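We call the chains A, B, C and D, going by the order they appear; numbering starts again at 1 in every chain.
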């Protein structure tokens, strides 16, 4: 039984059903049950996929010579698939209670599953135009979800996001069009097979620039980051967790890795651009974050900074690979980047869910108006501390291990200045999260918030589960690295062999 | 049953569009016409069967060339007025009473007047037609009626009797 | 002029009557564009837009007030969802028959209406979907203005 | 070929001018009419490039969109506000656009010449496969449909979903009441 198409078909079917269900005025429990069941099934399916070998699925039975679209399950896409399903499962469980504060549960679930279907489609596809289509699905769903509260600030943030997102989509489409014109095919593997012959042409630099701009904007790398600090905090908290936790990865960073490692082949120029983008994002993001007093906005700026780590580390790996340096160093750098990507998904979603939990009971996102919340809300407080320690890189949490590996890899690659910068950024991250601890969790409880209590088990359980992942993700790394990370790292390092793996021969 | 009155009309249009007598096309046409009748049949609700009487078909066939003739004549008239150096026009609104009985007949009258250049039916309130006329001639309602409405009305009255 | 679109009363009886007559013929034309998409230029997207035009015409001529009495706010999204589901169902039926989006029906004779396997059915689903969608956009902008949701 | 190119360029210039007027005009209704004109130009361009089905779709969509937009604009007393001209922003935009166009002009020479179809080339391409396999493998006489709904039916599902998500999103954003209970403090 081939399960790959189900990762798109199930969320789409669920999403199409919700408008009908809302008309039928079904009991709320039924809607909730369906949503949880669907995400749980997808999570189980993606975990089951980890045990299976790489494979290609030709949709419609159109086997090569390529006329149809293919779905690809290789190490990198399986890794992303698991991360997407896991975060969406936790977000849905958290939404059960949190979305009481919003109207139209049916539309919320519909848009959520469309977002999920879009991301799964992006992660699994092996076709450039199909990639564009599914990126659009995810992006449009996220525009609507950012404005789901229907207040003027949210609409404004969503509009800004929409305009910049459309510009980036236009550039992506332009890049896809140019590649189609040059190679006569949209299949990534066939493009990869023909790319080396074209590599010297200036048009390939143009294509690369279009993709870098387009997906860089979706990933909110620093020159293109203006939309993110408005858009991510405006969304309902579980959606912020989805956007920061997985959308900027599945729709931005993952595609950059896929295109530049597997399709174009990493060369020195691209690797240096990756490193520069990563380093600048890392530094600017954290500098902007330190001064923030809005909890969610602070977290959003940290997303830019943390994704900078990932891009920098993978860029270093690519650079070592391109200049013919030692392969183990490149492998370590790529591994560390991917590990940090997964860790960021865990602790950033956790932080956003914590902020949602606090906002749910206190009605505010301003750190200055909170205080002493760890006493009335022990579970949320605990989860929030774990996540804050994790993102600041304090042992024994997962963020520490990935940052350590990143720094080791950068030092081994010989970029001492970048390693120092990484340490500095890590220190600044710690500083800004000390501020969060100090103002939100410690100190006296303000008079207004005397009566707050924990929001309930449905909201606390996902927090605790994610907090456990943050702790165990680092400690148990040797146990699961072989199943999760090694195939992904191999998929990226094998570069243009992607074409041979898919087309055979 | 009233909503299926327009069924043959839809089927006829379908056959004209597909221009084929193959059984598949006809079957599809029947299905499509049924669906369209279900959707908007009660909006259309034309009484089709009386429309098929030979007398009406005859007068319809008379009406078409007559209308065409008036159309051409009005075209030439408007062209003359536009091209003439003095542009001899006298635009204005007029109101005429029509004696046609049914609303459908009045709407067809109004459409014919609109399609004829120089006159434009603006609104229809009960039996009064408000018309914009490029060159208003005459003084009384009877004058207006004779000039603009009467030629069409005479034949339409025969069709919708 | 009697035009009272401001208050939602609709246009003059001339326009209303003609719009009612035309709507049926536009629907027939739209459905022929949809169903013959695999034989002639056209298909679900173009035909769906034509289908929505018929309904938009009726709504435009009759005005908000009259329309709001028969049209529910949810109708467009429901037809939209159901048609999308039908399209997905065709794909999933193919999946059951051996491959996602497999064209599992017999191909038929070229140039006949019944040819191309699932293609005409897909066209039909897309046509309904696009029609409902465009009409939904129009209704949301011009008829409802603000949607009053139940909190489910 | 040259005649088509000349017509195409004329249409492109017409469309660009229409879009610029649409952006610059202060009256919403004129802006809508200009957008409609640009869309009409696009339909004509499709026709020139012998894509009748695209032209048909574009034309119908354009009519409907213009009608809907006029219907929406006519009853609203919205006024566009005169924004002060920001010379620096304008200069930056012109500079970026100029750089982009220069880069396009420099690099697009490597692309296939205009009017050279991908399926007619010597090397095997996707388009060539479609032309060779379209009728025998799908049974659809219209190649566009055979690609749209059979070879790349999955893409079309995605496109249909894009439309679906747009309308669901629009309905979600147009709700009159977004939040229940106490609104968050700002």
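Note that a contact is a pair of C-beta atoms (placed from the backbone, for glycine too) under 8 Å apart; a residue touches a chain by one contact, two chains touch by 3 or more.
Not measured: the values here are computed from a predicted model.
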Higher-contact pair (C-beta pairs counted), A-D versus B-C: A-D
Closest chain to global C-alpha mean, per-chain Cα centroids: D
Whole-Å gap separating subunit B and subunit C, where each centre is the average of the chain's CA atoms: 28
Distance from the mean Cα position of subunit D to that of subunit C, given in whole angstrom: 21
Subunit B and subunit D, separation of their C-alpha mean positions in angstrom: 38
Subunit D: positions in contact with at least two other chains: 150, 153-154, 157, 161, 164, 166, 168, 170-171, 175-177, 180
Residues within subunit B bordering two or more other chains: none
Residues of subunit A engaged with two or more neighbouring chains: 12, 16, 19, 59-60, 103-104, 107
Interchain contacts (touch definition) - all pairs: A-C, A-D, B-C, C-D
Sites on subunit D touched by subunit A in the complex: 103-104, 106-108, 110-112, 118, 121, 123-130, 133, 150-155, 157-159, 161-162, 164-166, 168-173, 175-186
Touching residues (chain side subunit B, partner subunit C) in the complex: 6, 9-10, 13-14, 17-18, 22, 24-25, 28, 32-33, 35-37, 39-41, 43-44, 46, 103-104, 106-107, 110-111, 114, 121-125, 130
Complex interface listing, subunit A residues touching subunit D: 12, 15-16, 19, 59-60, 62, 65-69, 100-104, 107-108, 110-111, 114, 117-118, 121, 127, 129-130, 133-134, 136-137, 140-141, 143-145, 147-151, 153-155, 158, 178, 180-187, 201-203, 205-206, 209, 359, 363-366, 369
Parts of subunit C lying in touch with subunit A, wherever the complex brings them together: 74, 77-78, 80-82, 84-85, 88, 91-92, 94-95, 98-103, 149-152
Subunit C to subunit B touching residues, read off their complex: 1-2, 12-14, 17-18, 20-21, 23-25, 27-29, 31-32, 35-36, 54, 58, 112-114
